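Have a look at the structure below before the remarks.
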Amino acid sequence: MRKYRVLIDSKDEKGLVYKISKVFFENDMNIEKNDEYVDKENNKFFNRSEVTGHIEADELEKKLKEALPKANIKVIVPKKKKVVLMATKESHVLGDILIRHYDGELPIEIVAVVSNYDFLRPLVEKFKIDYFHVSHADMQRSEHEEKILSLLEMFGPIDYIVLAKYMRILTPDFVQKYENRIINIHHSFLPAFIGANPYKQAYDRGVKIIGATAHFVNNNLDEGPIIDQDVIRVDHTYSWQEMRKAGRDIEKTVLARALRLAVEDRIFVYANKTVIF
Amino acid sequence: MRKYRVLIDSKDEKGLVYKISKVFFENDMNIEKNDEYVDKENNKFFNRSEVTGHIEADELEKKLKEALPKANIKVIVPKKKKVVLMATKESHVLGDILIRHYDGELPIEIVAVVSNYDFLRPLVEKFKIDYFHVSHADMQRSEHEEKILSLLEMFGPIDYIVLAKYMRILTPDFVQKYENRIINIHHSFLPAFIGANPYKQAYDRGVKIIGATAHFVNNNLDEGPIIDQDVIRVDHTYSWQEMRKAGRDIEKTVLARALRLAVEDRIFVYANKTVIF
Amino acid sequence: MRKYRVLIDSKDEKGLVYKISKVFFENDMNIEKNDEYVDKENNKFFNRSEVTGHIEADELEKKLKEALPKANIKVIVPKKKKVVLMATKESHVLGDILIRHYDGELPIEIVAVVSNYDFLRPLVEKFKIDYFHVSHADMQRSEHEEKILSLLEMFGPIDYIVLAKYMRILTPDFVQKYENRIINIHHSFLPAFIGANPYKQAYDRGVKIIGATAHFVNNNLDEGPIIDQDVIRVDHTYSWQEMRKAGRDIEKTVLARALRLAVEDRIFVYANKTVIF
Amino acid sequence: MRKYRVLIDSKDEKGLVYKISKVFFENDMNIEKNDEYVDKENNKFFNRSEVTGHIEADELEKKLKEALPKANIKVIVPKKKKVVLMATKESHVLGDILIRHYDGELPIEIVAVVSNYDFLRPLVEKFKIDYFHVSHADMQRSEHEEKILSLLEMFGPIDYIVLAKYMRILTPDFVQKYENRIINIHHSFLPAFIGANPYKQAYDRGVKIIGATAHFVNNNLDEGPIIDQDVIRVDHTYSWQEMRKAGRDIEKTVLARALRLAVEDRIFVYANKTVIF
């Protein structure tokens, strides 16, 4: 028995569920999980199914395309996604992913860790994962990114790039090459406190709750489609450094949840938002 | 255009989504919302659809029954559900429902409030809702319940009975008459602290979080299918009376959420659990 | 036995706790609750004590002033605070406060409800509370506010003004008259989504969590000191209207919590922040 | 300047804060943080102060004892606490502590990891921490524990033993030797689901929220004083294995928070409860 994840989005119209399920039925497939969402405002239809059967993936895709000629259709064979982690100097988020990966919790293959410092090498190498130091010292941003891009190409096809507290802003050129495939963790409850040192900003504003946001990266800093968010209570006794410390726990869990959603093919992106099944 | 909620559950087997959506398609109906769940452990299939079309309800039901002869099928025309509230002396939960109802927030018609005390009459009558005092003084439990049951019958068909802090235990006879239609709010995070004064129990145990649980009532006290739960943090400075006060907010919101799920026909009950779409 | 709340703030220096507790000790008073906070960044000291004893309030205040000549000292006799509620057309927050008040949950006296519409009169009058309709139709903002201010003066001393979804912006003149005594509920997780229709803004941004913020009003819209905040999860299936509906529960509870903190004299305001004991 | 944490508990009586702060004042000390709690029900007083000054620790303790002869007084010099971790086969909680420790987040020295299996050795040794495998195979419980106790004694004085998913029940003899110094993480919202496989129990009961509880171990399984708890929402789509996976995140954060509270000397234990400052 083969197992597929089928992702379909299209303009909404009558009969879509019927046409999809007809293909599954006529090919003797079983639907194990089926989620659907109609966005009436934008007249869009989204469907994600987990199905089993004997048909080959490309044959299934072909038949779905015949049944829904105008839809976007992806038939995905579940397997470990190839992920590159990028980090700077902070170890807590990176370390958390490494431990989760070690623990078998995330269905990913960590191709490599890339950093603009050599600082995290000892941690990464404990887990027998390749570490690449691409210093940005004495370099233009574009030059530095080119070096990283060459490195990434060397790795072959990559499914996702995870910015595990990578503290440099990526250029539009870079971002465009991995559209909706770069996941960032921002240490605030976006859209509050965009930009540098959000914990300091939160402290100065006197908030009673701080947050963390995982999102796809687009060309505007911290403004890409949000995947997941979480919050934690603070009070007047917290300095901004203590807020930062408290925030680490949600940075870790939110990024891990977002990454899992991505590698399980549960996310549709449109209109700068995410539909998550 | 007519609007229906279609609830279907059955033994799981291939082709169910196809057969259901085929009926909708062939009758020129539009699926606005569609949720499905397969419980592999129990081999059960659940489906809830919100559909629009020109077909009459009983015609749609007939066609669905032909397509899925072994399934349980309900075609529901959305309308205000008839609800009877039962209470004792505490006003916060009852008052909250009255205000939400006044505010148009809950799609219900409050048929009446029934209480074993006359205490809450002034509050209820502010909202021009009938109040019935059925005292249990000098009465056997069965006798008291018979009086309530006669009253309920007098009201005509009722969709749900909501126990808004009704502090008496209902007998199996009573419960059976309204199976999966009596909603209770228990002021603890069930299954912790079953029974009397859960806040005192929580205080004695030194918990750091307290909860509230809305559930359907069955024959075992506080053991019916859970609809919704919520929690709130407490600490060592809370007396049990302060826990009770803090808990009121979640009692109110959890019961209101559960009631809304019920009257929007979003709940399936089986195996002493709820499937909620 | 008399009971007092003693609030002291001053520049931080050695011996403050000693000097305060010495006054209590020498006057044979018992400290039932004592909270202290030192803000090292601003070198500020805050202390709130709940004490009992036989000394008169002004005598106690005098002795504390002698012991700490440079501190701000308030000796407060706990009693019901006088509160004026202001609202516009939405009933859920106002209704919630009315029910809590009816229930005896809030230690306040509701002096009156003031609204720029006559819409909420029936609700308010159910609870035998005075309702004043001050229309803003065909009026300059300043003229409208003057009418409200005259009305407020007529009521005699007021402790707090609660904006229970009062949808007009108050002028600096108005705000100044009730500095740190006007409490507003903003239906977003401030500082995100300042201004009009925050639920629409949140929907457009595709957030996964929405919030509510209770704060003192100052001269910049939605930028006063935050008292309390809370959040609730949403997902892609929520329209902004559904977000608004879901947000009501936290608007109500956050405002109620903030009001309780205020009327129990638990809040210090400084540097556009709150210290809450 | 020396820095101390001073922990005092005693029967409640007038003048305690005065007497404590007098000692600090007369010895020219500064109070940086001061928390106090009076449990009226049990007539108990608790005080924790963070103070700085030039006096030696034993001199300070002596003076406090003179001022409060009947109180329990601890003057603690902040330093890294010595912690032994015990685990069985699951790596997520243990790995999380190792990463946090590596990251400098926890003020602890990990003396060793002790396990009844050799399974986690590779993970632990990555971090250059000693790993001791004490198999329980073919052994009576008492015999196995004696072996562990001998090992622990070999390490010299230990501040805390952390059961990072150590899946064996400790005997009263063992527990007594480390009273209020053994911290366990139980993977449920205690007191719900005591004992084996709480996620399966939670699944069977159909709860909508699952939890994790960190507590000191006493002689009754899962019934020791609770330090911290947290929860996470689940729904009908979660199998118990998925609940277990979702619960990992809160197991990790709750245990880490509890451990930090312990090693920062913030916890008083009495009446099978914790007072936490």
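In order of appearance the chains are A, B, C and D, and numbering begins at 1 in each one.
What we mean here is this: a residue touches a chain if its C-beta (ideal position, glycine included) is under 8 Å from a C-beta of that chain, and two chains touch if they have at least 3 such contacts.
Please read these numbers as outputs of a predicted model, since none were measured by experiment.
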- [ ] Identify the chains adjacent to both chain A and chain B in the sense defined at the top.
- [x] C, D
Task: Chain whose mean Cα position lies farthest from chain C - done: A
Open item on the list: Just the number, please: Cα centre separation of chain A and chain D in whole Å.
Closed with: 35
Task: Chain centre separation in whole Å, for chain C relative to chain A (CA means) - done: 41
- [ ] Could you check chain B for residues that touch two or more other chains and list them?
- [x] none
Task: In the complex with chain D, residue positions of chain A that touch it - done: 91-92, 95-96, 98-100, 102-103, 105, 123, 126-127, 245, 248-249, 253, 256
- [ ] Note which residues of chain D are touching chain C in the complex, please.
- [x] 14-18, 21-22, 24-25, 28-36, 38, 40, 233
- [ ] Spell out the residues on chain A that touch chain C in their complex, using ranges where they run on.
- [x] 37, 39, 41, 189-193, 205-209, 211, 225-231, 235-237, 239, 271-276
